[in-house]
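Please read the structure below before turning to the comments.
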Amino acid sequence: MWTLFHKFGSPPWLYRLSGAILRWLLPITLLALVAGAVWGLLFTPPDFRQGNSYRIIYIHVPAAVVALAGYYVMAIAGAVSLIWRMKMADIAMRACAPIGAALTFVALVTGSIWGKPTWGTWWVWDARITSMLILFFLYLGVVALYEAYENKALAAKACAVLSLVGTVNIPIIYKSVDWWYSLHQPASIKFTGGSTIDPSMLYPLLFMISAFYCLFVCALLLNMRVEILEREQRTAWVRALATERGGS
Amino acid sequence: MKPASTAAFCFRLLRRQLVLGLRRPVELGNPLLFFAMVVALFPLGLGPAPDTLASFAPGILWIVALLSNLLTSDAVFRSDLEDGSLEQLLLAPQPLYLAALSYVFAQWLLTGFLLGLASPVFALMLGLAPAAIPALAASLLLGTAVLSLVGGIGAALTVGLKRGGMLISLLILPFYMPVLIFGSGAVQAALNGNPTGPFLAILAAFLCLSIALAPMAIAAGLRISIDT
Amino acid sequence: MKPASTAAFCFRLLRRQLVLGLRRPVELGNPLLFFAMVVALFPLGLGPAPDTLASFAPGILWIVALLSNLLTSDAVFRSDLEDGSLEQLLLAPQPLYLAALSYVFAQWLLTGFLLGLASPVFALMLGLAPAAIPALAASLLLGTAVLSLVGGIGAALTVGLKRGGMLISLLILPFYMPVLIFGSGAVQAALNGNPTGPFLAILAAFLCLSIALAPMAIAAGLRISIDT
Amino acid sequence: MYFESLSAVLQMDGHGTFVWSAYFITLGVIVSMIYVPRRREKRFLRQLGGQIRRSEGSNPPSARKEV
Amino acid sequence: MVNDSAPVAVVLSASELGLERGGRELFSGINLQLTRGQLVQIEGPNGAGKTSLLRILAGLSRYGFTGQVERHVPQLFLGHQSAVKGLLTPRENLAWHVAGESSFTAAAIDAALAAVELYGYEDVPSHALSAGQHRRVNLARLYLSQAPLWLLDEPFTAIDRGGVVALEARMLAHLEQGGTVLLTSHQPVAVAYPLLRLDLTTGQLQ
Amino acid sequence: MVNDSAPVAVVLSASELGLERGGRELFSGINLQLTRGQLVQIEGPNGAGKTSLLRILAGLSRYGFTGQVERHVPQLFLGHQSAVKGLLTPRENLAWHVAGESSFTAAAIDAALAAVELYGYEDVPSHALSAGQHRRVNLARLYLSQAPLWLLDEPFTAIDRGGVVALEARMLAHLEQGGTVLLTSHQPVAVAYPLLRLDLTTGQLQ
C-alpha cells in the first residue's frame, strides 16, 4: 500500500502508466461516445411531451453529473497535496479544473439550448441551473488562480487551499440554493421527476454517463502528462524523452 | 527575549488596523459612502415607483452590502504586503491564526459593523417597512462578519499576485451566495410576518463555522503569498 | 534630441496599457466575470420570478456596468504613480491631454467595450426581451466611454492622496448619474417600442463633451497629484 | 432506427437545429479537451529537444549559468 | 522550527541549500553554521541570490529550494522593504509593530528614535519623511529588539554617512554582547570586528 | 519652460529658491546656474531636502516653493522610484517608456541593456528581477537618452560595486560630450572629473 503511494508520487512511473492506460482507454472512450450518441440520437423513441429535443439529455445530463463529481476529485487531490505534499496530487488537481469547467460549460450550453424549445426561454433561474452556474464560477476561479501565479508549485498550493474551502462550501451552497428556490416557488416551470424515466431512455443515458466518466479520466491523464513534463523538464528522463521524441 | 503575550499582540494588531482604517477612509474603503451611493443609484436605474422598490429593498440592500464588502476585502492585506509588514507578521512568534482573525475583525468593524448600524437609514430611504428593520440590521451584522472572513481567504490567496487584478471577486463571490440568500431571506420573512429566528440561527451557524475554519485558510494563503 | 512624434507616442502608450491589461488575462476577463456574477446575485437576492427580473433587467445591467466601471477606473493611474512612471509621463514633452486620452481609451477598451459586446448574453440570462438588446449594447458602448472619461478625472484627482480619496469619487458620482438615466432610459424605450435614437444621441453628445473636456481635467489632476 | 429518412434525422420534427447544435458544440468541446493537451505535449517535447540540441551545439554567450 | 536541543552557540544552521530561479541555478551546496558573535556578509553582484538566500534562512521562502534550515534562536529580519506604514507616525510604527516582539515602553521607543536621529519626527506621519528617514524608522528596531540573530538585507540603503557610522557602531555593540549579524551590502562594512564573507558561488564561509 | 533665448552654455538656472516642509525651512536663497560639462553633487544628510530640490528643478513640484527655475534644455530625471513596470520585460519597459523620448531601435535597447549587464534578462518580467537589476533597467535609459541635462536622485542605490564603476564611466562620457549631471548620493562619487558640491545649508556651489 505504502509503496503504491510512493509510486504514485513518482513522475516517470505515472507518465509511463498513463501512457499505457491511454493507449486502450482513449479509443474505447471515443468509440463509446460515438455509439452512445448514435444510440441516443437515432435508436430511442421520442419523449411523448418534448418530442425529439429531449435527445439532448444524452449529453446534457452526463456532462452535468461528471462535472459535479469532478469537483470532488479536485478537492481530494488538493487535500492530498496539502497534507502529504505529494507533487502528483498537485498536478491532478490542476488538471481537473479546466476539464470540469469545460464539462460544466457543456451542461449549461446544452441545457440552455434545450430550454429554448421546451420552456421557450434560454435561461431560467432554477435551483439546479443556478447551482451549476455557481459551480462553473468555482471552476473558473481555480483555473484563474492557477494561471495568475507564476510559480506553479505555489499556484498548486493556493488552488488546493481554495478547493478545500470549496468542499466545505459546496454542500452549503447547494442546500441554500435549493432552499432559495423552494422559498420562491415559481409555479410555471418544473423539472419532471427523474424516477419515471423509461428504460428505453435510461439505458442509453447510463451508458453515456459511463462514457463521460471515461472521457474525464482520459482528459485528466492527458493534462497530467503535459504538466508532469513541464514540471520535470530539468530531470534526466524528460530530457532523454525530448531528445528521443522531440529531436526530429 | 520573551515575545508579547498573544492576547496583547492581537489587541495591538487590532488597534493598529483600526487606526490605519480610520486614518485612511480610502484604503479600507468607506463602505457607508459606497452604500449610500449605490442605494441612490437603484431608484435612478430601476425607476422610482415606491411599491416595487420597497418590495425589493431587502434584496437590494443585501446585494449592496455584499458588494461593498467585496470591494474592501481586497485591500485587507495588500498594503501590508507592499511595504513589507506582512513578512514581519509571518515571522512573529504568535500564532498566525489569531493575527489573521484580528485583521479580519478590524476590517469587519470598519465595514460590516458600521453598515449594520447605519442600515436602518438606507432601509427607510428605499421605503422598507419599519417592521423589517431589526431583522435587516441583525442579519447584516451577522452576515457581513461571515463575508469578511470568507473575503479574507480570497484576499490572502491573491495578495501576492502580480497579475491578479480583481481575481478575488471571482474567487469569493460564489462563497458569498449562501449568506446573501439567508440574509435577504431573513428580511423577507420579517416583511411577510414570519419568524426570523431560523434565518438568523443559520447565519450564526455560518459564522461559527467560518470563525473556526477561515483563519486557517487565511494563514495558509498568506504563507503562500509571501513566498514570492 | 527630437522627441517622438505625438501620434507615435500616443500609440505607444496605448499599446503599453493594453499589454499591461492583457498580461493579466484575469484582469481582462474580470469585468466580464464580475458582470456575470453580480448579475447572478440579483435573482438570488430578489427572487427568481422571470417577469420581475425582466422588468428590472435594464436598470440592473446598467447599474452593474456602472459599478464595474467605477471599480476599474480607480486603478488607471495608481500603479503608475506608485512606481514612478507617472512622474516620467508628466515630464514628457508631448501634450499631456493626449496621453491622458490614451490611458482612458485603453481602459475603456478593456472594460466598457468588452462589456458592451458581451451584454446580450447577460441580457438573455435576465430575460430581457430580444428587441431591446441592440439598444442595450449601443447605449452601453457609448455610455461606458463617458463613464471611463469621467472616472479618469476622479482617478487623477485622487491618485496621489494618502487619505480621503473616497470623498472625491463621491463628487464624481453625480456626473455618472445622467449617463445611468439616459442609458437605462434607452433600453426601457426599446422595451416599450419607442424610438431609442434620442437617448443614444444624448449619450453621444455627452461623449463628445467629455472627450473635449475630461482629458484637460485629468491632466490638471495628474499635475496636482504628482506634486507630493 | 427510429427515423425513416435522413432529412427526418436532420429535422427531428423541427427540433433539429437545437439537438444538432447541442451535439456539435459538445463535440467541439470534447475534441478540444483531448486535442489541446496532446498538442501541448508534442510541442513541449519538440521545444525542449531543440533547446537541448542548441545548448549542446553552442555555449550560451554570457557567463551566466544555464541549468 | 526553533529547536532547543542544539548547542547554545549555534544560532542557525543550514545544510546543502540550493535554489533555482527562472531556469538559472543561483546557488547550491551551501552549508552554514552561524554561531554567537559572528559577523557574516553575503557577497555577490546584483542578482546573485543574496536576498533569496536571506529569505530562505529567515523562513519566508518555504517552497522551491532544496536543503534544510534549522533556526535555534529568535531572529530579527530587516528586508528590502521597510515595513513602515506611511499613515502611522514613527512612534506608532514601532509601538504597534507586527513582528510580535514584546511591547516596548514609550521611553524605549523614543530613545530608539533618537538613536536613529529621528528626534523631532516622532509624530510626523511617516509618508512625509525623506527616503533615508523612512528607512531609519525601520532601523530603530535594531535598538529595541532583543533577538540574538539579525538578518539584514542592505541595511545601509539611502542612509547618509553619519547614519552608516552609527549603524556600524550598533552592530559592533550587538556582536560584543554575543549577538550574530548576517547581512548583505554592496557598500564596504567598516566594523572593527572580524568579518566573515559568504561567497555564493562557492558556498564557502571565509 | 524651455527657453531658447538664453546663452547656450547655461542649461538650467534657478534663483532664490526656498522651501518649507512640515513647518521646517529646508533651504532658502539657493541660486544655481548649471552650464554644460558640469558635474554637481547635492550634499546633505537624510532629510536635508535634496530630493525636494531636485523635484523642483525638474519641474515636478510646481507649488509651495519660492523662487524661479528656468530650464533651457531637455532633461532626464531619474528619481527614487524606478518607473519600471513589473509586468513588462526590461525590453518593453524601455521601448514603451512613458517619458516621450524618440522611439529607440531594438538594437539600441539591447545595447543599453547589455551595458547595464542585463543581457539574458531582456525578456524576463521585471518583477522577477533582483532589487539591483530592477534599478538597472531604469539606469539603461542613461545609455539611450540624448538629453544633455541629467538629474539623478541616488543613482547608486542597490547597485553593486561593478555597476557603480560602470555608471561613473557613463557619467564621465556624458560630461566629456558636454552634458551636465546633477546628482544626489550618500556614497562618494569617484569620477575623474572636477566635482562641484551644492551645500543646501549655505546654498553655495563649491
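Should a chain be cited, it is by its letter among A, B, C, D, E and F, assigned in written order, with residues numbered from 1 in that chain.
Here is the rule we go by: contacts are C-beta pairs under 8 Å (C-beta built on N, C-alpha and C of every residue); 3 or more make two chains touch, one makes a residue touch a chain.
Predicted model, so just to flag it, every value in this text is computed and none were measured.
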Chain F reached from chain B - shortest hop count over touching chains: 1
Copies chain C and chain B - interface residue numbers shared by over half, same or different: same
Between the pairs A-C and A-B, the one where more C-beta pairs touch: A-B
Centre-of-Cα separation between chain E and chain B, whole angstrom: 36
Separation of chain A from chain E, taking each centre as the mean of its C-alpha atoms, in whole Å: 49
Mean-CA-position distance for chain E and chain C (Å): 45
Chain D-chain E separation of Cα centroids, rounded to whole Å: 51
Contacts with two or more other chains, residues of chain D listed in rising order: 64, 67
Junction residues of chain E - those touching two or more other chains: 20, 63-64, 80, 86-87
Per-residue multi-chain contacts in chain C, two or more chains: 23-24, 26, 33, 37, 40, 44, 47, 162-163
For the chain B and chain F complex, residues of the former touching the latter: 162-163
Chain A partner contacts - residues on chain B that touch it in the complex: 153, 157-158, 161-164, 167, 170-171, 173-175, 177-178, 181-182, 185, 206, 209, 213, 217, 220-221, 224-225, 227-228
Contacting residues of chain B [partner chain E, same complex]: 1-4, 8-9, 12-13, 15-16, 19-20, 23-24, 79-80, 82-94, 99, 223, 226-228
Residues of chain D that touch chain A when the two form their complex: 1-3, 9, 12-16, 18-19, 21-23, 25-26, 29-30, 32-34, 37-38, 40-42, 44-50, 52-53, 67
Contact footprint of chain B on chain F as seen in their complex: 86-87, 125, 127
